[in-house]
Amino acid sequence: MGRFMKRYSAPGSVPGSFAERAPEGPCAALEVILYSPEAYRRFEIPSLDKLPDPKPGTVTWLNVAGLDGAVLEQLTSRFGIHPLVMEDVVNLGQRPKVEAYDGYLFVVLDLVTWNEEALHVEREQVSLLLLEGLVISIQERPGDVFDPVRERISSARGRIRTVGADYLLYALIDAAVDHLFPVLESVGDQIEDLEDELVEEPSREHVATLHAIKRDLLSLRRSTWPLREMTSRLARGENAAFAADTVPYLRDVADHAVQVLDVLESFRDVVSGLMDLYLSSVSNRMNEVMKVLTIIATIFIPLGFIAGLYGMNFNPAVSPYNMPELGWRYGYPFALAVMATVAGVMVFYFSRRKWL
Amino acid sequence: MGRFMKRYSAPGSVPGSFAERAPEGPCAALEVILYSPEAYRRFEIPSLDKLPDPKPGTVTWLNVAGLDGAVLEQLTSRFGIHPLVMEDVVNLGQRPKVEAYDGYLFVVLDLVTWNEEALHVEREQVSLLLLEGLVISIQERPGDVFDPVRERISSARGRIRTVGADYLLYALIDAAVDHLFPVLESVGDQIEDLEDELVEEPSREHVATLHAIKRDLLSLRRSTWPLREMTSRLARGENAAFAADTVPYLRDVADHAVQVLDVLESFRDVVSGLMDLYLSSVSNRMNEVMKVLTIIATIFIPLGFIAGLYGMNFNPAVSPYNMPELGWRYGYPFALAVMATVAGVMVFYFSRRKWL
Amino acid sequence: MGRFMKRYSAPGSVPGSFAERAPEGPCAALEVILYSPEAYRRFEIPSLDKLPDPKPGTVTWLNVAGLDGAVLEQLTSRFGIHPLVMEDVVNLGQRPKVEAYDGYLFVVLDLVTWNEEALHVEREQVSLLLLEGLVISIQERPGDVFDPVRERISSARGRIRTVGADYLLYALIDAAVDHLFPVLESVGDQIEDLEDELVEEPSREHVATLHAIKRDLLSLRRSTWPLREMTSRLARGENAAFAADTVPYLRDVADHAVQVLDVLESFRDVVSGLMDLYLSSVSNRMNEVMKVLTIIATIFIPLGFIAGLYGMNFNPAVSPYNMPELGWRYGYPFALAVMATVAGVMVFYFSRRKWL
Amino acid sequence: MGRFMKRYSAPGSVPGSFAERAPEGPCAALEVILYSPEAYRRFEIPSLDKLPDPKPGTVTWLNVAGLDGAVLEQLTSRFGIHPLVMEDVVNLGQRPKVEAYDGYLFVVLDLVTWNEEALHVEREQVSLLLLEGLVISIQERPGDVFDPVRERISSARGRIRTVGADYLLYALIDAAVDHLFPVLESVGDQIEDLEDELVEEPSREHVATLHAIKRDLLSLRRSTWPLREMTSRLARGENAAFAADTVPYLRDVADHAVQVLDVLESFRDVVSGLMDLYLSSVSNRMNEVMKVLTIIATIFIPLGFIAGLYGMNFNPAVSPYNMPELGWRYGYPFALAVMATVAGVMVFYFSRRKWL
Amino acid sequence: MGRFMKRYSAPGSVPGSFAERAPEGPCAALEVILYSPEAYRRFEIPSLDKLPDPKPGTVTWLNVAGLDGAVLEQLTSRFGIHPLVMEDVVNLGQRPKVEAYDGYLFVVLDLVTWNEEALHVEREQVSLLLLEGLVISIQERPGDVFDPVRERISSARGRIRTVGADYLLYALIDAAVDHLFPVLESVGDQIEDLEDELVEEPSREHVATLHAIKRDLLSLRRSTWPLREMTSRLARGENAAFAADTVPYLRDVADHAVQVLDVLESFRDVVSGLMDLYLSSVSNRMNEVMKVLTIIATIFIPLGFIAGLYGMNFNPAVSPYNMPELGWRYGYPFALAVMATVAGVMVFYFSRRKWL
């Protein structure tokens, strides 16, 4: 159930006390990308002190990989970030949201990836801060889905180099949202495979897989609903942080979020139908087994009775009423004929009622 | 699951990069229909360069059949279409929507058809652009449901020749929406047939058919909900692109979309009831089989026991207590009578409890 | 499924082309009722030409029974009705709705009746037009639920003769809505009967009846939801066509529509509970059968085994170890006693576990 | 189903025609309570003529027990009540509602009581009219839940004697709403009892009880939803009929209505879980029976086969291959040992697979 | 069902009559914490008379543990609290809510704790009053989740000592809301444990546990929904009682409430899936048992029949047609071979159909 919980500060603790919450571990890696229409520079910095001051006309993207208490504290003091914001950065498992503060915008998102080996969905929280000419992205650990954006900046493809930091923020959100499509495709493939197997040969493992897929969908849905809400709020263009010609792009992101949700809902409906399919498939097989077996038993029970009848030891010598059949010339063939007749009648009756 | 997914550009790629997404294939066929109250001309053009400039008083309808990257790029540059629009044109599987841009209106719709052979519903995306005196329709492949509209234009039936391009756009949307009714009728017929068969003789194939119908309904619903939303937004008449006397027609389209949705919801309810009907039908048949068979077995088991009893080999010669019945004069008839009595009592008991 | 579909014009045909859609058949019957506080006249007219022009202070009610293309066309041209309205009149199966046009109001309603023989609900569309001093009602076929209104007009009961055409429209809507109550009562009686039978002796026919009732409720619900919406919109009193002192009456109609919907929802809940009741009733009976029968079988199988044991032919003459019981003096009584003991123990065990 | 229906006037009859709808029976009992901060008088009047005219500073409460056509007509004419209001008074089964008319306020409520003998919920409609200095309450029959209010007036407890008629109306509504709590408590006790019995020993009667409780909840819910709506509308304080310092009290009533609904929803959820509990309890018991019985049968069937084998009559005298075992010295013990071994192996196998 | 009910005053009693409702018991314990940026004092007072008057610049927190009628009455009179508020304090089981009165704010909350022994959720109502420089918290009994807040005040950690009473109120609400996270974690662990056990070895106790968890979730949900509503209303910042820089903190609390609800909904979905898992697990086991057992029975029944056949006593001496096999040289081996063949064919058939 862990994946449905979020991390939380101790109840009653000082709000905004993020520093002690930051997990111990290797220091965060700080990567800086500086660009303007003409210039582009990418480098790592050992600590936040080395971060150059933003210059007009230049966009700075600071990527912090790792939740390092010291770095977060420096961010807080240098850029005047509210401690509650940093608490949200550290308490992983936040719902995607946008919060406007004086002078900066705070965005929390999920990076969703498909774990090819475990065949399930994984979520990583990424926090984005948009300041004047500066975007700060804070991730739990190194590795993300932003490489195409980095590549677009370095190769100056598209308009990214010619526009401001708000467009960079959009590009990051867009990359995160669009990455949901291949994940959905993988889940869809898994559902399709499961469906084929279910119809062919239903087994217990399929129920477990179904259960796991349901959870994946639940977990995806949980991060996509607020995503939709959040992107559609951005797309309404009320946020002063975004330039007017970025708004159609935000609308596009919101549209994609709706489409993701649409696909998710369809998957949910299909998956809940699969449980029915499984159950009816299992019960069909069971019924088939039971029916054939019961019919065999039923046919042989009367025959067995007849055999038992003539196995009785009444003494024919004592009286002519005692099992005279045993002494008939054609007694045995007669008994066999009776059995064959009974069996034949039952088979006929069963097949006429379509039980065979 | 493919039909629930939409095509998507690589996550993180430059937004509006549609050209490389267009599938390779034969060039798009470009058909032009030019009309005014007095004139009418229909012809094909080899490339977009040959498209005559729109003249006042004349409506131009350009139909592009096939997603040809080059043609789309020409459209973009000649009419100043936003690249995100073209990306939507190319990434098939969009939700139906209307987007107003400066100087043009962008409409995405589904053309839904009934595949008579595979007995399922098929969707094709059609993108419509309304510019000044010009309607551009872009389809995935040749063949559509717009022939009656073409025929109305050529034969000047109704008011279509006397009014503007906005009415043409309406006529196309109307044709697409109204085409849902025969599709619904086909689905309804399929449901009815299934229902009759289900009650008569439920089989596993029916579950598969039910499953397929459910998906069809799901898929129809997915494209009809946004259709309703979109048409009712148009019908509110807030869009300057439509003349005032086109609004009642848009209201009519919106009304039809609601009716389609209504029918769909009724079908969904009926179909979900069918699963219950199937299950209760199957379990009824199974119960019937089990009951009759079990009763036969139950009657013969005590009889078999009695027969077995008198098949025991206790030596009557040793003592008078050992199976004296075997030596009775009427021992055998007596045993038969006991069996008949037992069987009779059981049959009577079973039939009084209505188990037979 | 037919009852969930509406009739539709050929997709892509000229909107408002109703004339060719009108079913061929006998001409429509045109009945006119003219009344003022002092005067009252009721007569039939052979064609629309004979309809007297409305006079101030007099209300004219024209009832058209039958969808006669010629008559509808005359209505269109004489009163300037929009062709889309007439298309809705002809395409039966519309959702109940109110549409305000310049100079007239268009209302579509369902007349719902209970078919006493087939035990199901039937719907007939009635279209109402409110013009200046004139109400036109168009029905599919003769026969309706408006006779009490006619009687109130002729006998001048209530205020109907003293007020305008808007009150007449109200009276017709009210009669249609209130007629839902006896229909609901009939459905309720049917549900009650079914429930009693279900508990007493569940059978397959009950499932079919349940299914039919569900459809009736579905169909009723489908026409009542938009009815509620429509009446509550009228009751808000925004419509200039209605005099201020008619509004409390409209509010009353809206209230009744809500009550109908309330009852419908309760019925739906009850009916969906009935399916559970049926299933648990059937499975209870089945369990009972299976339990008793299995217990009989189970008791006799060990007994049969013992009988079989002493039916073995091991030769006691060969050795003293071979079935010495057969030669015992009390061998047979002993065997019977063993059987009785086994049966007794099992019966005791079964009854202690409450399986009997 | 009767309790879900409301009484209705004949469809198409004159709206507001209540007089003939009033059930025949004994005349209504008219009780009057007159009070001011200093004075208090309670008396019965034979007819409405005797009702003293309201005096400033004095509140009159007229309680009409019984739907007497003549009395209602007098009320209508003396206080100018709209006939539609009186129709609602007479057509029992109304949804709780508040309607503001010129000069008076009309409130319909349900008095819900718990029938201790039949163990179900009963509803009685009470209609309240608030005029200047006068509250009229009209009930179906004598006997109500207002005695504590009467007692507060007579003993001048609380502020009721010092404030106006609007507070009296509030006090009556409050008494009716608060009376739902003990009813809910009784229903809750019934659910709890049922639950305990269900787990211990599920039987068919429990399904019927469950069904009855569901209906009670359905019926309660149906009268509580509009109650909530109505009280929260009153609590918004928009109604001029209520003094400003009565509003916190109305807010309290609305709060209670929400709490009632909350409890109802919880009960519904619990009750729908009970059906699952019952089914799983029944199927558990059934499975247990079937399993033990089937296992007994299964163990004895192979044993019976072996016994049957040595009951065959092949003639050992003819050849040494014919059942030589029958002539073995230890043939019989050997056969018994084989049987014991087979039974032992099966018991071991079954218990290892946890089937025993 | 007790936990879903709230305590209620006798219907019709004087509203706001709380004194007699207060449970008898030991007197309430009154704890006072007085603090300002520089000073801090914590002490108990025997009665409310000893409560020092609030001084500007100093915040007073009065914690009342125990519902003592006398103390509540003193609170009412000394601070002018509305009697309806005190009635809510006493009638435990209120929905969480905020109510603004003239001069004070009234907040009702649930303190939810996890009972480690009984493994279920417990709720305790806490009522909070915010006056000028004074917060009064009233609890049912001693012991709460506010110790970390007390500790923050005494040690002056965070900003709590430097800000007003509104921040103290926030801190108490925050502590209560955040305490839901560890409770959720415990519930989540319980669900996870149950799930593991369910798959391994489903038993009846699991159904009871599932039922109990469902109730816990129901009960949690019932107190969290209004909590969310209430906190988000506070977070909108419309309440003058809160300073502007407390609003981001309130927004944080609202955010946490939404997250709690999110987790709850996920849990609900997972738990409802567990019931399916249980049922399919049970029916899988049952099917397995039935299948193996039925197959054993089915194989041996035909064999038993053959054995019975040759146990018949037809007299071979009478005619050559009577069971000549009995006299064959290889009769017995032949019969055994037939049996082995029949068994082999059946096993082969069963395994080919994958029934084994």
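The letters A, B, C, D and E name the chains in turn, as written, and every chain counts its residues from 1.
One rule holds in what follows: contacts are C-beta pairs under 8 Å (C-beta built on N, C-alpha and C of every residue); 3 or more make two chains touch, one makes a residue touch a chain.
Only a predicted model underlies this, so the values are computations on that prediction, with no experimental measurement involved.
Annotation of chain B and chain E: jointly contacted by A, touch as defined at the top.
Common neighbours of chain C and chain D under the contact definition above are absent. Taking CA atoms, the transformation carrying chain A onto chain D includes a rotation by 145°, reported to the nearest 5. We define each chain's centre as the mean of its Cα atoms; on that basis chain C and chain E are separated by 41 Å. If you average the Cα atoms of chain D and of chain E, the two centres end up 25 Å apart. Residue positions 290, 294, 297, 301, 304, 308, 311-313, 323 of chain D are each in touch with at least two other chains.
The touch graph of the protein chains shown is a ring with every node of degree two. Taken in their complex, chain D has these residues touching chain E: 145-149, 152, 157-158, 160, 171, 174-175, 178-179, 181-182, 184-185, 188-189, 191-192, 199, 248-249, 251-252, 255-256, 258-259, 262-263, 266-267, 269-270, 273, 276-277, 280-281, 283-284, 287, 290-291, 294-295, 297-298, 301-302, 304-305, 308-309, 311-315, 318-319, 321-323, 354-355. Of all the residues in chain E, the ones that touch chain D in their complex are 1-2, 4-6, 8-17, 82, 84, 87, 93-95, 97, 99, 101, 201, 204, 207-208, 211, 214-215, 218-219, 222, 275, 278-279, 282, 286, 289-290, 293-294, 296-297, 300-301, 303-304, 307-308, 310-313, 316, 323, 325-333, 335.
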